[in-house]
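Look for subunit A in each of the two complexes below; its partner is subunit B in the first and subunit C in the second.
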Partner chain A sequence: MTQLALVIDLNVCVGCHACVTSCKQWNTSGEAGYLSDDNPYGADPTGTFFNRVQTFEVGEFPKTETVHFPKSCLHCEDPPCVPVCPTGASYKRAEDGIVLVDYDKCIGCNYCAWACPYGAREIDEHQKVMKKCTLCVDRIYDQALPEAERKPACVMACPTSARLFGDVHDPESEVSRAIRDRGGYALMPEWGTQPANHYLPRRKAVAEIHPDELTRHDNPLKVDGQLPRPAPGEPALDDVTSW
Partner chain B sequence: MRPAWSVILFTTLAGAGQGLFLALFAADLFARAPPDFAAAGAAVALGLLAAGLAASFFHLGHPERAWRSAAMWRTSWLSREVIVLPAFMAAVAVYGLTHALSYDRNISLLIGAAATVLCFALFVCTGMIYACLPFLQEWRTPLTVVNFIAFGCASGFTAAAALAAVRYPALAPRYALAALVLGGAAYLTRLASLARNARLRPKSTLATAIGIKHPKIVQIAQGAMGGSFNTREFFHGRPREVVRAARWAFLALVFPLPALLLAFAQNSFAALFAAFALQYAGLLAERWYFFAEAKHPQNLYYQAIA
Partner chain C sequence: MCACRCGIRVHLRDGEIRYIDGNPDHPLNKGVICAKGASGIMKQVSPARLTRPLRRREGAERGAGDFEPISWEEAFSILENRLRKVRESDPKKFALFTGRDQMQALTGLFARQFGTPNYAAHGGFCSVNMAAGMIYTIGGSFWEFGGPDLERAKLFVMLGTAEDHHSNPLKIAISKFKRRGGRFISVNPVRTGYSAIADEWVPIRPGTDGALLLALTHEMIAQGLYDRPFVARYTNGGQLVITDPASPRHGLLAVDEGGDPVNPLYPQNQLWWDRHSNGPVVSHTPDTDPYLFGHFTLADGTRVQPAFQLLADRVLPHTAEWAEGITGVSAATIRRLANEMGVTARDEKIELPIAWTDCWGNEHQTVTGNPVAFHAMRGLAAHSNGFQTVRALAILMSLLGTIDRPGGFRHKAPFPRAIPPSAKTPTGPEGVQPNTPLAGLALGWPGSPEDLFIDADGNPVRIDKAFSWEYPLAVHGLMHNVITNAWRGDPYRLDTLMIFMANMAWNSTMNTVEVRRMLNDRVTEGEARGEYKIPFLVVCDAFQSEMTAFADLVLPDTTYLERHDVMSILDRPISEFDGPMDAVRVPVVPPKGECKPFQEVLIELAGRLGFPAFSNKDGSRKYKDYPDFIIRHETEPGSGIGFLAGWRGADGSKSMRGEPNPNQWEMYKRNNCIFHQPLPASYRYMRNWNRGYMEWAQRTRIRRWGDPILIHLYSEVLQRFRLAAQGKWPGRRPPPHLAGRVETYFDPLPFYYPPLELRATDVEKYPLAAITQRPMAMYHSWDSQNAWLRQIHAHNYLFINPRTARSSGVEDGAWLWVESQWGRVRCMGRLSEAVEPGTVWTWNAIGKQPGAWGLAPEANEARKGFLLNHLITDTLPGATSNSDPITGQAGWYDVRVRIYPAAAGEKQEVFPTFETLPPAPGTGKRPGWIAYVAGKETGK
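This part shows the complex of A and B:
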């Protein structure tokens, strides 16, 4: 069985929000209708987004580091938002594991948003239906697009390739290998939602230098220094080097 | 969580209507109240339920699609509630009619028994809507369902006492006594849930939310310059003093003050109606606090705007 998902590498995410804008652009222009925005250039802008890049500071000054953290629907394997939906508008596709909302059936009761511990669902304040990441379901199967572009808009946009897309149930897929080899983890594992999306941890390239590595014991200069100087009058090529 | 007034009104009004029906049926079972009292009571109960139902529609973005919400009764407590509520209302209406038209007592008792089953089913559905969400730890307890049942019964019996003071005064003191007992029980279970929730430790932390093992993580930006649905729906947005005041208000209004009236003015309609009004106001505060107290784990992701 297929379970499409994103794998997000926190080690290379630079927090540029290209995935956010690309997601918004693609998903506000599709046949499912616009994504609401109010006061986009005003004092109190608000709107519906499928994807947000958040920033956290880990540690205490001066030993802090900044972590950029893209957050979207995790397409849980056991999604708590689906069984609570009274109309069946919220559903998980059997064929590829994408969790979707049928905007024509949604009554806008917010119950699924209450049931999502990640805050991945946002109501559209104008269309009054619940919206969330679709993994660009209207893009990834589009035969009119070149095969290399049949990826979610956020993945296409990421300048550092921090976002990988693929089938996490296929052990040989790029995403499965990344999770396996690079310590991919799930968010809030305590709730048993089994998110399909995974995050790759930040890695430090630490160069450990021991004091004895700062001096070279086989330094040729020192070796030279230990050689007996040629006696004056001995034949030498340049008056320095002995035979 | 942000307290949703539509839901607060629905749960309190429907709860009172359900309790009122149970009070009528109890009198029917034991004391044989006159049929016109039962019919009038059923009409009032239906009115409360209908008002609650109307309030609940304001919670929906698309009320015209509300009929769809009966679909997923296999998995969703909300869907089950949507089915049980009209069934219960229909049963109460038929129950009232059998009394108004003076049908055979056995028929109305049979219908009343069916309505009682539906009544408790509705209580359980309403409570489980909240108690079934595992990560809203404040709600994830059988006490949630128990409190919905106990407060519904208490307010319904208080309403029945007020109604009886007008229509059938002989019953008023008995209803007042029952309302006292039920109100006291509801108060105790609510205190129990308050004590339980005060000792809760959140299972989710920022470390599990973003998967970075460090005790000190601070959010710098949440990915939006202004607010979003996530900042509006999951935060009550009131200062701590308001939440605390709501707790003290409901702790005073929901039982102690009405209890004085119920205990010492068991035959006066004005006093009994005041008891119901005070208790209902307390229930509004109680339900408001019920929402405000619940801390959704998604709030971990929405702690700073920058």
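This part shows the complex of A and C:
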């Protein structure tokens, strides 16, 4: 069974928000219906987004890490948002594992948002329906798009290629290999939701220079007579002693 | 749109924009797009869009934003009449200054044809130190001019770069670099953006990078970690400097007087002291090799030393311990960094099997690379010590042997340039004549005092005093001085100031409140009584900004999706390391309302005013419109060089040079809107000294000269100015009150000095540095009108290290005062471990005047957002500009502040506050909510 998902590489995410607005741009004119913005030019503007980037600081100065953390629906294998839905609007597709909302059935009761431990759902205040990431279900199967572009808008946009997309149930897929090889992890596994989306952790490249690597026999200072010190012309026993 | 100029595709549905994505076939962004690019739709629908030409209503005050719409014909006739009179009488009374516009080739040509010297873009207040400091050292610089080769680097060191400047390409490159396992070190007071993913963050105090770089250089030389063969052959490190304080040629390079200079403008008869023969030879004589250390005496008794020896002497006292006290970076860290750079460069060499021939005729079977790459931007540049700091960086990069080599720094065409580049301004006021084009460029690259643009008394000819003794190497002008100088009448008053796409009444100006007052100030006596001190102000912009409110005439510009644009080879093209590249934009949606591209305004005015380059022989107008101009204009008749390098020649078969092609736009369109000419592999590296490349560059007229461009570890150009200040130069000399300044700062070797403002600052009282950064999701001040982007940054906080906050009694999220000796601001604070304790910072240009940018008066930007500019002065004691004394770069990041909590009961609102701007006629209504759906009918 296929389970489509995103794998997000925190090692290279610089927090640029390209995924946030490219998602908004694609989906507001897409099949998920518009994504409204309230007070777009006034106080406390707030709109519906399927994807947001949060920024955390970890550790104390100067050992500070700044982590940019993109977050959207994780398309859980056992999604708690589905069983709580009183109308059956919230559902998980059998064929590809994408969790979706059927707007014709959704009554905007918010149960699913409360059930989601990741805060990944946003009610659209104007349509009164629950909205969330669809993995661009209206892109990824669109035969009118070139095959290379049948990916979620955020994946296409990401300047650091921090977002991988594929089938996490296929052990040979790019996403499965990335999870395996690079320590991919799911968020809050203790909830038993088995998120399909995974994150790749930060990795540090370290350098260590051993003292004996510093100097080499061909040190350029020798060419100019700066080494060995003292310089050959300086006073020595040779000047005053004869054996 | 932003200056990174990525390739985009705009997808329409029923004529409306469905989505914008990156062009996968574009070499720059390879299909990706940023937050700004993906929000282009909201730029189009913004209520801040200006859609009609506007005239300030009779009797209304400047700044009040009270306008009446007029027709374009009225606007043009007002401009034509006014400018014709100025051009007939004294053309320098017209000044044209532009923001980050990407059309400097055209705006510069317009100003030059008008005959005014008073033209520049925004470089003087942006990053001119980065351009000048590096170009005067290695003949190239970062960003549009060159950059780090992260495809092959193993160590990447980024200094003072935050979130932009070369946005998508840099993001792509850094992520690939990290995936390959490269090590990334970020030196920055703040850890955000790119620095967030650095393997090591080295927090540093603002304005002290020069000290760090000198200490790194000290270590590099002390341990012999420099690339000696590179330094000896490709820099002037081996060339002999006259070290005889009594000599009028003290500090200049010794030359073989009787020898062949090859090219008198860039002579090549300097001397080495040959190690093998132990005697003087002309540099680069076959089978010789210079001493880099020592002191020698020429046959005529002249005492000389290799430039490298002088550099070594200079950095000798600059130990890691010395720098620790200045920078806050520990001596152990500095040594470790120096070792890592030096050993990586030396021991992890790259050898590419690419044969090439150097300018002296030596054939090389391989290209060598030392894989340590650097990148730097405004964090180094925007200080009044920035030029010398950037020189220090370029020298460190050179000692590591990384210039135009794989894995190091790489040039982008048309760089490298000669040092200094050949372009020159006129040298005196006689270069400015009525009804005559300027006798030179408005901006140039002085090589000696003779190239300054001054009158017989040594006074500036330009309104911003660029190329005067105050700012001799102000190669990008000083836009930040224009309003203050014109208001003072120092050196003279203007008649008409035209501003394009720059918010000089707000975030692009230091001392914002005073500058706004100057814009609105009137003459109080004499026959001009009652007239504005800056009599006529024209502003062209696509959006209603704080600046447009002050205009007498507002010209509504189109957006980037509504017009033709060129990223011209005559300006700053989008070239990559492998060869020249330029590009065009073509309109995808019609202009909104009566919007007109600024280029069309210039073409129209140039035609009406009869500029020679824009007129036929019979005086009639030559170009129908901007696209026609782009195709047919040549730099001079028959030169074959035009704005676009691709598909030239009558049938489009030529590139770089060729006669105009009437189908050039079509051919660009058919080819993804880009022209890219990858060079043969043997021309892609070592271009400063690469004979094949130089010959190609001469053939294509990218360069006039093919001489090698030796790296100036030692800057003879600077020494010429210093000699003039010391009264030893045979030519022009500075006026006495500036002699000391020129003598001090025109040091031919890099040195560290605290920023000028600190001398006038009580650092006990104001201990904290205050700086800004530009967020990735905003481009300068222009994106607060964007409904999606402003949800990412609707208001800003002052970020403070918790230790600093604790000792100041400031709490997270609370209102506080941040105060400099020049002003104070009330804002909200946010505690952050990602800033060094001696620095506070905020996002640039998020704060807005109420009502500006199409925002409601109660918008967060106006009530909670703040500008740090209110704390920054444009003038230092002694009436000099708060700028670098060499280049005139604005010292944005030199201010020192203190912070304290706002008192209980104080207003919880930003201070200072400003009056609300009314919506300009023609701007849009502000909907209470929006739900954008492109092509609604189909969309259902």
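The rule we apply is simple: the second predicted complex is superposed on the first by the 211 of 243 C-alpha atoms of A that agree within 3 Å, B and C clash if a C-alpha of one lies under 4 Å from a C-alpha of the other, contacts with A are read in each partner's own complex, and residues count from 1 in each chain.
The definition used in the following text is that a contact is a pair of C-beta atoms (placed from the backbone, for glycine too) under 8 Å apart; a residue touches a chain by one contact, two chains touch by 3 or more.
Keep in mind it's a predicted model, so treat the numbers as computed, not measured.
Engineer: Is A:E95 touching the first partner subunit B, the second partner subunit C, both, or neither of them?
Structural biologist: A:E95 sits against neither subunit B nor subunit C.
Engineer: Is A:T28 in contact with subunit B, with subunit C, with both, or with neither (first, second, both, neither)?
Structural biologist: It touches subunit C, and subunit B stays clear.
Engineer: Give one of first, second, both or neither to describe whether A:I209 is in contact with subunit B, with subunit C, with both, or with none.
Structural biologist: Only subunit C is touched by A:I209; subunit B is not.
Engineer: After lining up the shared chain so the two structures overlap, which partner does A:V14 touch, if you call subunit B first and subunit C second: first, second, both or neither?
Structural biologist: In the superposition, A:V14 contacts subunit C only.
Engineer: Of the two partner chains, subunit B (first) and subunit C (second), which one does A:E147 touch, if any: first, second, both, or neither?
Structural biologist: neither
Engineer: What is the contact status of A:E60 with respect to subunit B (first) and subunit C (second): first, second, both, or neither?
Structural biologist: both
Engineer: Have a look at where A:D181 lands relative to subunit B and subunit C in the superposition and call it first, second, both or neither.
Structural biologist: After superposing on A, A:D181 lies clear of both subunit B and subunit C.
Engineer: Scan A:E172 for contacts with subunit B and subunit C and give back first, second, both or neither.
Structural biologist: Neither subunit B nor subunit C is touched by A:E172.
Engineer: For A:P45, decide between first (touching subunit B), second (touching subunit C), both and neither.
Structural biologist: In the superposition, A:P45 touches subunit B and subunit C alike.
Engineer: Would you mind listing the overlap between the subunit B footprint and the subunit C footprint on subunit A?
Structural biologist: On subunit A, the overlap between the subunit B and subunit C contacts is residues 17, 20, 39, 43-47, 49, 57, 59-60, 66-67, 202.
Engineer: Using the touch definition up top, name the residues of subunit B that touch subunit A in the complex.
Structural biologist: 1, 4, 59-63, 65-66, 68-72, 75-79, 82, 129, 132-136, 203-204, 206, 208-212, 214, 216-230, 233-234, 296-299, 301-302, 306
Engineer: Could you please specify the touching residues of subunit A with respect to subunit B in the complex?
Structural biologist: Residues of subunit A touching subunit B: 17, 20, 39, 43-49, 52-60, 66-67, 69, 71, 80, 82-89, 105-111, 113-119, 122-123, 125, 127-129, 185-192, 199, 201-202.
Engineer: Over in the complex, which subunit C residues touch subunit A? Could you list them?
Structural biologist: It is residues 13, 18-22, 24, 29, 31-39, 41, 47, 155, 163, 167-168, 171-172, 174-175, 178-179, 181-184, 191-197, 199, 201, 203, 223-228, 275, 291-294, 336, 339-340, 343-344, 346-347, 776-777, 785, 787-792, 794, 801-803, 832-837, 854-856, 858-860, 863, 926-935, 939 of subunit C that touch subunit A.
Engineer: Under the touch definition given earlier, write down the residues of subunit A that touch subunit C in their complex.
Structural biologist: 11-18, 20-22, 24-26, 28-29, 34-47, 49, 57, 59-62, 64-68, 126, 148-149, 153, 156-162, 202, 204-207, 209, 213-216, 219-227
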